[in-house]
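Shared between the two complexes below is chain A, which has chain B as its partner in the first and chain C in the second.
Here is the complex of A and B:
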């Protein structure tokens, strides 16, 4: 039952709702469930209200909805800033706006919110796989806007879709020009909210089970292109955060970092490469053990030799680095550092491991190399198992692993090894990072995935400095030589089993990864340097900002001229037929005699008047008039009439 | 604040209107909307769209997010393309007056306009009215190579000619982000007839004519002969008997109608103010026409002979409407 004064059905509502759904879609996994449900409920309610013509929500209710949901968002996120809270807030605003949509203007506002949501999704993620969705949603939103502003309700959907498609195709070249030439200023201009969401990747804390969880993900962590030979797998240790503090169970990075920078000397040839990191929302830059040079403006090195970017890596980022395999890091060890890397919890946890360490120390008279060797032999000879699914460990995690379960993943081995070393008086620390990587022959680069995540130890040896010791290599050398799949039992949930089993699928995956790499390099990482390179390739000598601005202005001007010409051509009047054109010629000639046709004067009447006004032209004009009348109004105009008219007009001398 | 803004806006619009009037001069029928006389500005939605794009641009540069920038650039281009489309939709439309429909004072007069164009592309969502976004504005679509008509309504406030001094043809096709408009200053006018007086005074009955006294009059009483059937003749007057005899279609003609005839004289209403006299005459004319009676109208300086029919009625009403109208009122 339609109430009196109820708004009639709102034009384009269905399209707008569909566009909004498309724009919200990718946010759903990140939104609190109640926000999604609320939006769905409001959409359904608005749709039925439109069908039945029921009254819309009164103002107090809308105010209450907006206030309550704002408070709820604040309660959930403790802020209204940042992508997460901002997105949820936008979705709620769209829902609140839906409660009061009466006019095309309200619907347009919802369309704008839809575009903003698309934009927010891009701030979150810039992968190539998003592109079809992005283009589709933009198109759908544009169609919705076109539908809302079409004048008549009867315009068929096909027309609207085609018209919108034409607009977008016209807009595409300009968008491309702007993308290529709009100056990319090195940002950021204001602080970026550091409370970005958790992403897959290494953490600055390691608890047993963390790295094996990470290894269950087949996502790409980074890609590396070597400018030279690719080092063999067993040398591909990608160094990440170094963990010093142990509480009996977990390892952490120290909060205070006031330690002296160790002296590093490199020997042998350097390995040059470019590493392209997927965003991981942390500051560290993974580097081949051990990096020697890096872009100084963007990266600093910490006291434990981890590379740290100036800002959290929230976008795909690439760095040119050089590493050396042969080096001495920290020939002397500062006392504060030694104290830090010998510390063990004082509460007596893992007593058996500590006792093992002390026993090794006494047996080998404190010779660190012998202690390391003996512990590795123990790992190698005793029945230790390398597995992604180790049994759960209780309070004395290291003891239980080392003496009872003997089943563990790399973090268990690294943790136990480091604890025993510290108990034996050898300064030791846990290094997390990645190990190995898969070569992609299509792109000529190395793919390192989250499943390559790894943890190992570094011990400080007199005369050699910090040295890498990987206890996993003693237990499961296949892991270091090959990959995770080779090292664990067949029923374990390692990603990439399908890739391993089917060569065809492997080709497809590597091909797709190579395309993604190009996308990352060419589109996601397109920056000022790329713009200058582009201008350079187009033949601009020594390109600078001014050349870029000129190019932008010039191509904009060209675009607008082309667009105006196209539109003028599209709206052009149909060409005049031959009698009409010939009459125009006659009019142009008679203008010299001061004769112009009146606003309502027919061609025949005008020529007749001209005949009287110019008696000298009466004969030719009379012929022209008769021929014209015959062609226009005669019962059966003949082709040679047209020829004769052409001749008569051409021979008309004024 | 809001009042002040409204005042400012009205002032700007008046200034702009005057400038446009000076720039374009008066228009003659038919009016073609050429490119030079089409103005374009973003609508309120367009300004909001621009603000949104600025925010997107800043955010994209701040986060160095190329895909975000890409979306922004696509939307910028889309906005600019729709701007050109709004302009193109209007350019080349021709307008002419189809009919100026008169009305009584207190009612309204109407101007039926014909919109036409000769391009092969439809021009949707053309809006015609006196000001922007007014409820009385008419929206129409122009089909490819076709025409459509729109009616503008003006209130008839004073007797005489009601001039359509200016109107606006606009469109915010396709997205409502930009509004292109053209101001037309046509020389169109419609006539506002006097408001009919209340039915109080009986009409003066001057004469009753019968028979053929009225020369050439065709009536309904006496059979006067046959003439060949013409399209539009009443079927009741067809000589069916003659048709049945195979003599073809003929229409029966009659003469000698019983005609009541009035003479409505301005001077006979001495004692009333001038406008009231005209209103009274208007009432009589209407009533006589309704009853099918003939009448003549005498005004100082104008005299319309006895006659019947809608054309006669209109002639009389126009004479009443334009009686002693000061021409200055037209300006």
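Here is the complex of A and C:
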């Protein structure tokens, strides 16, 4: 006999602890270390407490733990809302719950916290690579739940695992139906949107070194599927944020953006494509220079022709765009814009560059095309080096680069070029984005990575409007025609050296990327429009929300009918013997008198009750009862008893 | 053992008559507890031992005493206290000066009906001495084994375990009792009769013997002979299977418990003149047989054995 209040071994505790640890796993890189350590410590403590049978934490201690962790979370994040603080808070509450886990009901609560944490991991990221872990953890958590509620402590683990697997497989069609047909709410779920977590990608500020840092990452920035021929590499300029303000070192987007929208005219055929962006937590949508059409409801265009999404791109997002290579953007330049794009810092930094610009202007009498041409020639002829590891630059960054070090990455060239142009009186600005991309033959699409990040310039020319000038192309044409790896020295930290050296590895990586692309297109990006397309393919004319709801309800009904039919067949009662069938007849007849057997009422007891309820039937029912009891339960049932029972039942008149 | 030849001409009363007489006699003493009295007799006929769990003063001792009188059994009462020793139960060897030898003085357990009163007040050591005797039908002292008299029937009473100063019987020992019953308070009208009527002890003295020990042994022999059909065994096994699978119980019924359930149902069927065991017989004895053997996982789930029984019965279809 165990002592009252002493905790006994909790069934399934080990499984639940393992499942909780697995569910916290995806969050560990984002949680403060003390939260993870605290949870592990509590898990270990609860486990030893279970082994040794020590008492659990008293109520005051638990209250203190909850209060302290709430305050600590608030102190760390300044809020309890949002995915970061919310996850950390949930993990701490799971730890607190472990302090008072006495019954299987408490364990069930922890199991559900585990599932919720796994779900929260999906709010954070929906990449294919974390899917195996999430599925495995979900399964482990389900096994833990089954273990907690197993009927016997001795049930072997293999048995429970198989049972869980079977149940989950039975539920899989349901999950698929809900995935396909459950109405997708437009907009981010729960308004979880304001994530401050750093993402790899372009910024709205550029300092020398930024783009080369970005280029050291092999992460995918976006993928593009062309609905026609793929343009050649040297034309693949993916336009991102445009930078106007220069402080002598860094370039920024202007804070006030009240500039008139320039006139754009397009010529020649458009290039249609779908771009699928990886989340980068900013609003801009990269587009081939220069986009002509875009989904108007989701995207607007800024005064400097950057596409901006309505919300920061925190999830994988896909857009169908059209771009033209041949265009005229801004045939006339507003005075305010001209002022902005001619402005240089007034503090006298980079004086040598400014002097060079002025000299070029005087030499070419203000002819912009000649000025551009001469500066590009200078880049081409003088010993400029294209490198990812340029020397550090001090206060007069442009001067030092242009006249002393002459080693730089694309941002150095773009920055220096733009400064000299402005000094020469040519309106100019820096454009950041990506250039090039790798074609994936497995998926038939283009992969653009962070290592393709690039910066170039745009100058405004009378009659031609804003024109792209890429000084990097003058210094390192291999960068524009091939990729970064072709353009820099062999010892530089370019991502993907390994795959460049091994064709097999390249195949594997491209194949994996193609699978990721399918995952993004088919699963992550499966939205309301995809649902309507699906219904359309299934033959629903002009599908709408109503059709979707009806489809969902209908297919759920079919699913449950099929499932319950299967279960009814699987667990059908054994076939009835003759006395049983005859008793069923009696029950059916007596139902007319308003008599139904109770859930645990035996046939004999039921007929006995019927005899008392219907005195007029007492005699025939009494015979039936005796014959039934003798046939069913008697020591030596006789065959003629069955005949007599049949006769008695058939002649029963209600 | 009787060696006298009984006259063959004397019509032996039928088992049913014997039982009816015993029940009628006992009901005069114990008012309004006919079900418990019948269960008590069924337990005795099935060669089981009985545990009565209730608060003091509801007639546990009176029931045991009346049963002994009604069945003509020799009767001993052992009051269990915290200082009770095993020797106080089974007896002790005493040195006799005149013969110069040890002689075994038989303890109170050498009776046909032993009432172990408030069994949970004694230490586990004393409890186990009694429980061993119950199981083996013999006691061992100083290396010598002494068989107990037959029939041998123990009625143990137990205070509810929430009362202070008790050593509750462990689950393994609860299993030794075929049935556990509760008496409960009498109905108001019957309590009035108790208040108005004569002293129960005087009534006990007048209670006639309804069944002789020989007849009792014959009855006990007849119980396992009561027919249990395949359909009925299906039902018993379905009940057992349910208790083993149901998540609300810590553990299901053991095979010993299933046998106990069948024996009790057979005794019940015999008492009620059924040719074979009916599902009703199983249902009638089920709460008393399984109530103390099934531990609910959630302590607050069931109030008493009756609720456990109802829960199990409602879940298992009668074949």
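Just a few scattered comments:
Methods note: the second predicted complex is superposed on the first by the 552 of 654 C-alpha atoms of A that agree within 3 Å, B and C clash if a C-alpha of one lies under 4 Å from a C-alpha of the other, contacts with A are read in each partner's own complex, and residues count from 1 in each chain.
Keep in mind that, in the parts below, contacts are C-beta pairs under 8 Å (C-beta built on N, C-alpha and C of every residue); 3 or more make two chains touch, one makes a residue touch a chain.
Bear in mind the structure is a predicted one, so any value in this text is a computation, not a measurement.
Applying the stated contact rule after C-alpha superposition, one finds that A:512 touches neither chain B nor chain C. Contacts of A:104 after superposition on the shared chain: both chain B and chain C are touched. By the touch criterion defined above, A:599 lies against chain B and chain C together after alignment on the C-alpha atoms of chain A.
By the touch criterion defined above, A:227 lies against neither chain B nor chain C after alignment on the C-alpha atoms of chain A.
Once the two structures are superposed, chain B and chain C can be ranked by residues of chain A touched, with B on top. In the superposition on chain A, A:149 makes contact with both chain B and chain C. By the touch criterion defined above, A:629 reaches chain C but does not reach chain B. When the shared chain is aligned, no partner comes close enough to touch A:578: not chain B, not chain C.
Of the two partner chains, chain B is the only one touched by A:524; chain C is not. With the contact threshold set out at the top, residues 104, 149-152, 599 of chain A are in contact with chain B in one structure and with chain C in the other.
Across the complex, chain A meets chain B through its residues 104-105, 108-109, 112, 115-116, 118-119, 122-123, 126, 130, 134, 138, 142, 145-146, 148-152, 155, 163-164, 167-168, 170-175, 178-179, 182, 184-185, 187-190, 192, 314-315, 523-527, 560, 563-564, 567-568, 570-574, 599.
Only residues 1, 103-104, 149-153, 580, 599-605, 629-630, 632-635, 637 of chain A touch chain C when the two sit together in their complex. Chain C contributes residues 168, 170-171, 227-229, 231-232, 244-247, 251-252, 274-280, 283, 297-298, 310, 313-314, 316-319 to its touches with chain A in the complex. Within the complex, the chain B residues that touch chain A are 28, 44-45, 48-49, 52, 56, 58-78, 80-82, 84-85, 87-88, 91-92, 117-121, 123-126, 139-141, 145, 172-176.
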